[in-house]
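Dropping a structure here in structure tokens format, bear with me for questions.
Chains: A, B, C and D, in written order; residue numbering restarts at 1 for each.
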């Protein structure tokens, strides 16, 4: 364990319903309040909502973008890292965090969850969807629970 | 459609039981007999078995290795491409094929399946395991059925 | 132009002589004082020296590591992003910055410089070495000049 | 050493003058005649010319494309691997070969040459351009010499 801020990734769809976005925003806020750095894919939907929450609470937000243009990042992303790697940047979102909170669950999110599990990054689900609900992965009942779970694990990998 | 050989990826665990390996070998053989190029992760288990089957039937076998040493490839791999990208090479296995046959299903396989679905590469399951059995993805009853399904789709993306 | 902090990458060898390290530290300090975020490869030598300079001046330091272990980052890296991509992370160091300062010049540095030029990221050299001295790229006479040049360009790509 | 075919990458600009293309075609032909597999970036100019030469001589041609569409590959590419990684695929071209022949030399080519040198893949230059001419890398006088040099080294890393 170091005195670095824990890094928590929030994964979720780029287009999401308002309920999931509200959940993501609360997760982002919680990460920031807990002293964490938010990592996400940098675009809309769940990613943007989590970044808004974290930024509003004064936290650092890093967006790993698929494209080469940092201007594509959501305004709540403080540090856009435009990887130019396309969807392959998903593996970076999963791998560079100390823990992952996956909200909802479409194919892109599932790819991040599965990759994180493969390489040993802890994952917690929140409001899992059909693709993710049956996975042998802990599911948090509330945003606060997901944040607490993820921050604790991310601190060990800070 | 071109007159290029269709590329079919076979995904599965690097350590697998003999039954899954036998299935993978039959899939590899079928891909080669159907004129396809086999793409896989280049290592053991399902990957090696599929490569053995394809090579025995005279097919081309390409292994996208995680490490930087081509000598780590299974002997049945004719063209080892040692990416040096670590587990991130999973996204290349999924993305560079015209269709994917996923055998069994551990976390790494699931990451490839989910990534392929995300980017629009057709996937068929064979002997799905707990992590993959509930996915809304076609499941083939036999190796022959999986091969036929995958080759047909890979020909459209050759 | 946005109101985001400009991102400047500092590239250079992982083992460097004290003079180059002193130059790198001054560059890092200048980036931070100018309100910039430092991006580097996260390891020793020039990378670590630049991070030390930036951190000492209160700046944010991001290290894109080749390996999968964030603990391998130099202590001056506030946000280690352990990509697991091996040396291929060099292209991310070059691509995710708004401008690049290349100090000295061994093969790895040259790969970053060339990749940045290929994809249109501005590069300035400082104390170029044999491999880089003849390139048609601006050379700064002092760390301050390099920082000023890079920050100005990075602000346009913030 | 194995009995695998040696893999030789040919790097060069996507738009090239007829002289360089003629040289590249001869290199491709030589690689195929020597029993080698050609790896390249899969697009036009030097890449396409090398692939034409290799294909005409009955050799296997693999194109590592930046985009996600295999149909973008030059017709002489037998196995298009559409990485979707953008220009970052340059590092794969360099890394997955057993040796590299670099023809001409623009920024993209230089990035491949420098990356190959960084990770220990042998490189030979042919008709170097301003960016590459001063590098401490062997220069071949003729296509035949470049092919012979590269095949010999690629056989040790087959």
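The criterion applied here is as follows: a residue touches a chain if its C-beta (ideal position, glycine included) is under 8 Å from a C-beta of that chain, and two chains touch if they have at least 3 such contacts.
Since the model is a prediction, treat every value here as computed from it, not as a measurement.
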By C-beta contact count, A-D versus A-B, the higher one is A-B
Farthest chain from chain D by C-alpha centroid distance is chain A
Distance between the CA centroids of chain A and chain B (whole Å) is 29
CA centroids of chain A and chain D: separation to the nearest Å works out as 39
Going by residue number, chain B touches two or more other chains at 68, 84-85, 87-88, 91-92, 95, 119
Note: in the complex, chain C contacts chain A through residues 2, 4-5, 7, 37, 39, 60, 62, 68, 70-71, 75, 78-85, 91-92, 95-96, 98, 119, 157-158
Listed in rising order, the residues of chain D that touch chain A in the complex are 68, 84-88
Chain D contacts chain C in the complex at 87-88, 90-92, 95, 106-108, 110-111, 113-115, 117-119, 130-131, 134-136
